[in-house]
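Multiple structures follow.
Shared between the two complexes below is chain A, which has chain B as its partner in the first and chain C in the second.
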Partner chain A sequence: MRFRETALPVLVVAAALAVLWYLAAIALNWQVVANTLARSGQHFGTWDILAGTLGYNRPLLPAPHQILDELWRSTVPLPVTSRRSLVLHGWITLEAALVGFGLGVAAGVLAAVAIVHIRALERSLMPWIIASQAIPVLALAPIVIVALGTLGLEGLLPKALIAAYLCFFPVAIAMTKGLNAPDLLARDLMRTYSASRAQVFWKLRVPSSLPFLFAGLKIAAAGAVVGAIVAELPTGAQAGLGARLLSGSYYGQTLQIWAALLAAAMLSATLVGLLAATERLVNRRMGVRA
Partner chain B sequence: MTTALLAAIVAAGFAIAIHTAHAGGGPALWAGLVLLVGLSAWLVGRLAELGGGKSWRGRALALLAPLAFGAVALALWEALVVGFAVPMVLLPAPSAIAQRIAASSGLLLTDFVQTFIKAVLVGYALGGLFGFGVALLVDRLPFLRRGLLPVANLVSALPVIGIAPIAVMWFGFDWPSKAAVVVVMTFFPMLVNTLAGLAETGRLERDLMRSYAAGHVQTLWMLRLPAALPFIFTALKVNAPLALIGAIVAEFFGSPTQGMGFRITTEAAKLALDLVWAEIVVAAVAGTAFYGCVALVERAATFWHPSIRA
Partner chain C sequence: MATIEARGLSLTYRTEDGPVHALSDVSLTVASGEFVSLIGPSGCGKTTLLRVIADLEKPTGGTVRVNGVTPEEARLRRDYGYVFQAPALLPWRRIESNVTLPLEVMGVSRAERRARAQRQLEMVGLGGFGRKFPWQLSGGMQQRASIARALAFDPALLLMDEPFGALDEIVRDHLNEQLLALWARTQKTVVFVTHSIPEAVFLSTRIVVMSPRPGRITDVVPCDLGPQRPLEIRETPEFLRIAQRVREGLRAGHSYEV
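Now for the complex of A and B:
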């Protein structure tokens, strides 16, 4: 029953998307493949074009099996130290994303704690943090890279900083909301227990902020991966998933782009999935009933 | 009254400090700045106690604290950057950025038109319309809804911006490829939010519509769409900065020789950081104004909603 309610529709939709994808690949690549075959001078039929559209090495839209094949070829048979290994590039991006995630989350939580406890900060800083949501912070990436580059800082740290400031805002906003979530009744109860400020913080505010924190963390994790990838673009970076996207784009290596994109998607989905699992674990420990 | 006096002292202090910094600085400047920061913290603390409530006067007074905070941050930035003679590559002074904006306004305008008017607005509108249309379709088929929603949630966590090189391959270097990226980025938030909004009406209201013998379209138009409006506006507000980010970053992957993202990357590579900051200021103003416009329309369209009336 559960399978029919939840998994089956997802599987059917995924299968339908795959079929659509194959049809689109055939339609989009048809003309290119037909032209190539015509130029080669050999005799060919419709069937040859059809086969060609799903196996062409520089397609407008590669078929899903081609992308999986490219992903396989650039991960499993290669040593991880190879410049063509997606494991290497993925790790470089993941490293920056994780360091940035740690920094950004720590800064965001600290800012939220300060905002909740210092009224002047809440009134003066919070509007700016909220307004900064409407600003394309990612556009600052080239500035951070160049400015830190002149200080001799290159590689991991600038990328991690960009990932960090993408993480900061969602975490700061969610955590402030969460720490302020306990209503007057609960706070009054703590007062009648003559709880100190620290006790109110650890026993009331922090537990009630966790659902908000996890919502913010999931947004931040996805943002960290995007930040690390985009940070690799402006310098024409040598390594990382962003660099793979960029070089694939320069040299028309469609399969390389799609494989890097898929790798980035898996990275991001894994991080968000891990956070969701942690959230469930924490919820169970805290006795939350779904 | 004390607050006004304090504000005047802080303003005058910063004016003198910035002037001294431009004239060469000295140890007195640093002592003065430390004192000024202390006074500013006091001032912001006092201003934060003002205002509140629902009256226009209260709201305006509540704006004073963040405004003062922003002004102090800007003045401190100017004084420190000029006083320490920070190289422009690291961080230009606000006055240098303002001069650059004034000097290159023509260039900034072309970039703004290329990126914002063409790529962002077109992509934003198309992405929102597609998301809304697909949501209406999916809403009629519960099976599709159960299957598509997890997929849409997954996609919204992915680095969608990575499709930019593919979009360039399909739609060329000019703005249509950037608009395509924006369409994909804005499609899923709109789809997910509209679906959530359409599920918002309760059994009771729908049964009432049934007892009036209202058809699907009538129920949709008179009951469910109005109830979904707050959710649709949430998506529109989320999408506004998303669209701007998408268009700018998509230009990092190749673009014609104009556009905000193009200018940011090429000028950053040439170390002309004042022009890069000028573009950032334009992007920030455009992003905030865009968001503000959507929020204003939301207030007008969903005036009945508790979150607006409160």
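Now for the complex of A and C:
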């Protein structure tokens, strides 16, 4: 029952995607493989091309099993300290993403609390918060990284700041909405108790805001990983998943690119999954109807 | 001694379509231990009057004294137990912690909170339901929980704004009986807003009839049916006579012009 409701739909979609992917890999790699075989001077047939499209070492679009194989080879058999280990690079990115997530969430929550309590801030601060998101992170990241680099700040912190920049917005917006969620009735009720502002905040606004906060956190978690990766690109790609993406594209290593992409996706999915699990725990404690 | 003393109250809202006179020259005295109902059609200012008494709304004219102080002072010293039309239970708190919410705000110790919540829940017939979440209770039970919450801190005044308006008639009859028993036991002063004539006559010691545009008092009907009121009292001539007078008062206020 549970399997049919939860896992089955996901597996069906995954299977459909895999089929489409294989077809696309065959179509996209066909010409390259055919040319290569022709240059080798050997005799070859359609089946040889077909097999080649799914096993070529520098394909335009690698087949799923090739990516999984690359992912395996760059994690399990390698020591984590190896320069080729995706575990090493994944950890470097994750570290920056997590620090950035913490900073961004803290800043977003603080901004929301300030906006909710100081009426004037809503009008003065909100336009800036929204404007900040109109700047593409791809344009901002190199400026920030280079500027901080000249100040001697390198490594984790500049990357974390870019990740934080992407986390801040969804959390600030969601939290502002959540803290303002209690209806007039509930606020009137607290007023008849002559509750203090702090009591209204902790007993009414904060519990009301949690569903909104979790929605914001999930967007922020995915954003943090993207931010950390983007921030790894401008510095000439020393380490991190961003570095693997960049060096992969320098040298036409599509397998390496796709393996790094998949690793990044798995990082994001894990973070979002952890948040979803936390949300379920919180919901259970708060009596949310299953 | 007068618990509530309102003199020449008026409240005018400024709207884009011009001023709306929610209350116009309303004077009312409620003595300690009385059960006073405010009755009238929508827009007659009965809820507004209750909100002014509770300091949820500021009048634009006139004065109110509650136990000798202003409504704001009375609110700050926690004189009001207010029951809204909706139960307004916080969905993330169990029933018992909803009842202890005002006690938490007022700094009552944990043990005392729990004891009082248990007592109040038993008084409204919800003894075994403290660990439930609000959504697990029926509408009538939720409203009883909200009454328990209003009584938990033993307020001087119980203000009720159409507390049973959203419930079906069978539940409403039942809760009316329970409320009457509760009132007899606690001797609280109650101001009760309703638009049901039988409900007002059944519960009250006095009925204040109001009419809209502008919101004003058109009649005050004494309702001396005595403390013992079984549901059957609603068939007695005395009951019907009072109900008739209330109905006439409502009609005199042109409240049913459409």
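Odds and ends about this structure:
One rule holds in what follows: the second predicted complex is superposed on the first by the 272 of 290 C-alpha atoms of A that agree within 3 Å, B and C clash if a C-alpha of one lies under 4 Å from a C-alpha of the other, contacts with A are read in each partner's own complex, and residues count from 1 in each chain.
Everything below uses one rule, namely that a contact is a pair of C-beta atoms (placed from the backbone, for glycine too) under 8 Å apart; a residue touches a chain by one contact, two chains touch by 3 or more.
Not measured: the values here are computed from a predicted model.
After superposition on chain A, the partners chain B and chain C are seen to fit next to each other with no clash. When the shared chain is aligned, chain C comes close enough to touch A:194, but chain B does not.
Of the two partner chains, neither chain B nor chain C is touched by A:81. Judged by the touch definition given at the top, the superposed model places A:204 against chain C, while chain B stays out of reach. When the two complexes are laid over each other on chain A, the CA centres of chain B and chain C sit 70 degrees apart as seen from the CA centre of chain A, to the nearest 10. Using the contact criterion defined above for the overlaid structures, shared-chain residue A:287 touches chain C, although it does not reach chain B.
Of the two partner chains placed by superposition, only chain B is touched by A:150; chain C is not. In the superposition on chain A, contact of A:140 is made with chain B only, not with chain C. Put chain B and chain C next to each other and count what each touches on chain A; the higher total goes to B. When the two structures are aligned on their common chain, the gap between the nearest CA atoms of chain B and chain C comes to 10 Å. Residues 185-186, 188-195, 199, 203-204, 207, 286-289 of chain A are the ones touching chain C in the complex. By the touch criterion given at the top, residues 41, 44-45, 47-49, 62-63, 65-66, 68-70, 87, 89-91, 143-148, 150-151, 154, 157-159, 161-166, 168-170, 240-241, 244-245, 248-249, 252-254, 260-261, 264-265, 268-269, 271, 273, 276-277, 279-280, 283-284, 287-288, 290-292 of chain B touch chain A in their complex. Looking at the complex, you find that chain A touches chain B at residues 5-6, 8-14, 17, 60, 119-120, 122-128, 131, 133-140, 142-143, 145-147, 150-151, 218, 221-222, 225-226, 229-230, 233-234, 241, 245-246, 248-249, 252, 254, 257-258, 260-261, 264-265, 268-269, 272. Touching chain A in their complex are the following residues of chain C: 54-56, 75-76, 78, 80-82, 84, 86, 88, 90-94, 101-102, 104-106, 133-135, 153.
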